[in-house]
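Two complexes follow with chain A in common, the first pairing it with chain B and the second with chain C.
Presenting the complex of A and B:
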């Protein structure tokens, strides 16, 4: 008997239809973008060449999609098999998050019809962080698809072809999983490296130079675990299923270790680079930094005690705070405190924002479709055990 | 592996990678050196009279329309670099803005165009080699057929020079290519840049980087008030000269060393940051970024070792069964 089941609920709920409306609106604005150019829907300019399409859909979105990555490391590298029931929903959110990030990258590409140049070896600039991110994200979307394939095939088990594909897959699966751990490590760290080349435009509190890749990968990890807790808690509440609190409490412990590592390295880097005073300048940068630090500190305070970890509600709040902290860390560095100099300002336009909202809506719709049509969520008694 | 070991292992890995990254600052590549036959320009803000002949000439040479204001098209009202403007004259004024080349209650003109960095950030970050530094002349050029429009060059340029055309569904990046792009090729034909040719006062001089730097330092060595014979056109074979009293210059040549130096250099009487020059040290951000990327991705050795280790671990853990009751 499989440890996963499909959720026997109707798909076309009012909520689902409301999401479809948002997706429809985004499609209209996207049509305008492709006919009249990016400027017709987005507020991008010469100083702010990357807006929310890049910073939310790719930089933050892929970190939110790190649940599959974080759990794969836990289950397959550290051999914590008890977390296996959480893997499929995490893989699904990862696949959707990365899939839509790739879509977002394409929408944001100013010369999208030439995107294939990224894959021509003689065009590649191996010093470029963007090349590394582009190639790794593309490869990882494929890896995630392969990792998720067994879930799709399980529905069609009776068919001989499905069984054959699955048996081939299961023999190579260990390699695919290994790749699925390496690729996010590579490009998540590179998302931090982007900031190095942006130089002086990045606020000193976020411009940690050599520490960028490490802080980026650590924040991705923390967000990955936090999103697993958040997604699992929300799914339990929304679908009125038993919460998976005992399992999630274990993840809470890991999150504590990761937050400590992140904060220690971040403050050490700032101290070492002699920028500690900036924290108390009480300008925009210092304010955002303090808010971020508070959002990191709250889950730390809650999850450090075993009692806090076993409280389903507190666990949910801590995870939400953690996700916000990680997202804000990236938003602050790339947009909010990012300053290309006098004469330039950026705030997302309404159509631009609605494209991002529509993308998120499409992701949720796809998630609902898959958990209701395919065996994705863990069997309830399994998770409670 | 129990939890304690999990933490120990994670902590160990974190500390090790932190140490590796910190030490990469030592191994990082140095700034690039100027190209052997680097050509460039010297802009002396104290000579500029704000006539914008260079802006008009630039548009003629590069086939770009003027930027109108209201219905007025008899002059170019470009305020900054854009998809329509590769070269622009700006003004910085303070207080009454009465006296030229003075900070308090004064003003100064400033020319902005691609600085043609010695160690260009745009070239370093471009994923598809759409931006290239010419091995001989050091000119930073743009290849529209390679460009995917990701606009990383714009984030990686310390001077906000590359401009993407957002109002065009098939937009591209626009930047000064020192009048040497395909179809123009003025430098290859032995001519100078359009803006230097048009400049009536020699505020924009053309020449090799070496000759221009020499000229700039000669000016800095003069005493304020002393009369100097300023050349026009190409510093190596000037069209003509004109005499003018030497102003009180800032003590450095902008572009000699900033972020690895630039082929287009500036002189000014008022501080460079007032003219919109960014806060740069001597190290180029490109060299730091490539140092970090190089440490991690040199010959793909680290990723290959990591993949090997991960494959072994995952295989062992799948085949051996998980330790706490989980089942593949």
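Presenting the complex of A and C:
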């Protein structure tokens, strides 16, 4: 008997239909974007060549999709088998997050018809951070699909073909899992390297130079764990299942350690670079920094006590705060405090925002589809144990 | 000088003799060879192999040079080549035994010299064809010394070690092959079916492309890699469009639409003025023309490329008609990349509302879920208490 089950619930709920409406709207705007070019839907300009599509869909989106990565490290590297029940939903959110990030990159590409050149070795520029991220993300989407394949196959277990694929897969899966840990480590740190490459355009409080990759990986990790907690709690609330609090409490402990490491390194870097005074300048950068730090500090305060960790509601709030903190850290560095030079300004256009909203809606729809049609969520007795 | 592996040419090679013979310094000479090798994408080693080949007169191949229907443009451009002081080098690099427009002699004597040379160097000489070959009415439209160009070409090609068609006329027919083509003008490769003909098209062709090809032949004793139209790949494998320095304007949608308009004066893309760069294979953007420098080649001086070297384009398509873009055509609209104005559109307000709604939805969902979980957990602990 499997430790995972599919939810026997109707798929086409009013909520699902509302999401479909948002996706439909996004599709319309995307059609305009591909017929008339990016300028007709997006507010991007020479200064802000990366808008909400890149910063939300890729930079934040892939970090939110780090649940699979974080849990894979915990279960397979640190051999904490008890978290295994959480891994399928985490892999699913990762796969969806990365899949839509790749889609977002494509949509944001000015000359998207040149996309295939990314994969032609003779066209590659090996000094480019962008190449690293592009290749890594596409490879990781593939790895995630393979990692998630057993879930799909389980449903078709009666068929001979599925059995054959499964037996091959079970022998090769350890290698795929190893890749699934290596690849995110590479490109998540590269997302930090982007900020190094952007130099003075990045606000001093976020421009920690060679600490960027480390901070990026750490924050991705924290967000990965937080999103596992968030996803599991929201699923429990939405589907009226028993919360998996005992397991999640363990993740809460890991989050505490990661937040402490992140904050210590970040403040040390700022102190070492002599920019501590900017925190209290009370301009836009300073305010955003303070909000961000508060959002990081809240989960720390809640999760540091064992009682806080065992409270399902507080655990959820802490995870939500953590996710917001990580997202804001990236939004601040890449967009909000980003300064490409005098005269440039950027705020996403309505169609542009609706494309991102539609992407998120599509992700939620896909999630609902998979948990209701495939054995993704852990059995309730497992979680409660 | 240190015995570097790159400098491992035959020590006996007499470069001092070259200085006397060519009237150029050894340094200038080696610089020239390195330059030619570099345009092939070859290293220093190849440069020295070429230097050696030139310095050693025994290797000089005899050359028979034929002229057909043409304006002598290729020879003219070759004579004005600056790389190296060409008249010295080309005459020393090859042994030019017969060339109708450069020969001092004339008449039957010269024709006799040609036949002697062809007999003496059977299978060893290089045949250069310049100009188209008229085929209509048995080729009576072009005769040299009473012999039609058809016969002269066929005769010379018979025992040639290699054949080079120099210029668009010789490569595919050139201007006189354009409709209605009353003389039936054809290029050498189409006429000499079954023989390998290296073509250096262009009207006039870039002398560097010819020189490089001949140097390659002299050095390695074989012809450089060529494409299906016989063009050396090192010179003709890329579209002009691919390396054009106006290309960024094409990609950004900035076009000159009239001679002298704003875009034309700003140096924008000439595609809409009929530039044939997008369908013409040549290395003009990187070599420019005749070493004059300063952007001297058609697109460089503000005129659209007319596709002189491309069969079916030059002399065949109207000068100002749009080219067929072989790479990618740009979309209808581009994001405005130099817009420094504040976005004041009302959609920004709507977008802000969307952003607010998204964050609100996230917080709301979290709060509701928190409440539900609280109830669930209380329930669970109650039942656990009851059980205990």
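Here is the rule we go by: the second predicted complex is superposed on the first by the 385 of 385 C-alpha atoms of A that agree within 3 Å, B and C clash if a C-alpha of one lies under 4 Å from a C-alpha of the other, contacts with A are read in each partner's own complex, and residues count from 1 in each chain.
We take it that a contact is a pair of C-beta atoms (placed from the backbone, for glycine too) under 8 Å apart; a residue touches a chain by one contact, two chains touch by 3 or more.
Computed from a predicted model, the values in this text were never measured in an experiment.
Visitor: Putting chain B and chain C onto chain A via the overlay, clash or fit?
Guide: clash
Visitor: A:351 contacts which: chain B (first), chain C (second), both, neither?
Guide: In the superposed model, A:351 contacts chain C only, not chain B.
Visitor: Check whether A:47 is in contact with chain B, with chain C, with both or with neither, and answer first, second, both or neither.
Guide: Touch status of A:47: both partners.
Visitor: State whether A:311 touches chain B only (first), chain C only (second), both chains, or neither.
Guide: The second partner, chain C, only.
Visitor: So in the superposed three-chain picture, is A:157 touching just chain B, just chain C, both, or none of them (first/second/both/neither)?
Guide: In the superposition, A:157 contacts neither chain B nor chain C.
Visitor: Does chain B (first) or chain C (second) touch A:373, or do both, or does neither?
Guide: neither
Visitor: Does chain B (first) or chain C (second) touch A:237, or do both, or does neither?
Guide: second
Visitor: For the three-chain arrangement built by superposition, which of chain B and chain C touches the greater number of chain A residues?
Guide: Between chain B and chain C, the winner on chain A residue contacts is B.
Visitor: Check whether A:245 is in contact with chain B, with chain C, with both or with neither, and answer first, second, both or neither.
Guide: A:245 sits against chain C, while chain B stays out of touch.
Visitor: Looking at A:9 after the superposition, I want to know if it touches chain B, chain C, both of them or none. Which is it: first, second, both, neither?
Guide: neither
Visitor: In the overlay, answer first, second, both or neither for which of chain B and chain C A:131 touches.
Guide: In the superposition, A:131 touches chain B alone.
Visitor: Output the chain A positions appearing in both contact lists, the one against chain B and the one against chain C.
Guide: Dual-contact residues (chain A): 35-40, 42, 44-47, 110-111, 114, 342-344.
Visitor: Taking the touch rule as given, give the residues of chain A at its contact with chain B in the complex, in rising order.
Guide: Residues in contact with chain B: 3, 34-40, 42, 44-47, 49-50, 75-85, 105, 108-112, 114-115, 117-118, 120, 123-132, 134, 173-175, 177-179, 181-182, 185-186, 189-190, 193-194, 196-201, 209-214, 218, 253-254, 257-258, 261, 265, 340-344.
Visitor: Per the contact definition, I'd like the list of chain A residues that touch chain C in the complex.
Guide: Residues 35-40, 42-47, 110-111, 113-114, 230, 233-234, 236-238, 240, 242-243, 245, 311-313, 316-317, 320, 324, 342-354, 357, 360, 384 of chain A touch chain C in their complex.
Visitor: Touching residues of chain C toward chain A in the complex: what are they?
Guide: For chain C paired with chain A, touching residues are 251, 328, 331-343, 345, 347-348, 350-352, 354-355, 358, 362-363, 365-366, 368-374, 376-377, 380.
Visitor: Please name which positions on chain B make contact with chain A in the complex.
Guide: Where chain B meets chain A, its residues are 1, 3, 6-7, 9-11, 14, 17-18, 21-22, 24-25, 80-82, 121, 124-129, 145-152, 154-156, 158, 160, 163-173, 259, 276, 278-280, 285-286, 288-290, 292-294, 296-297, 303, 306-307, 310-311, 313-315, 317-319, 321-328.
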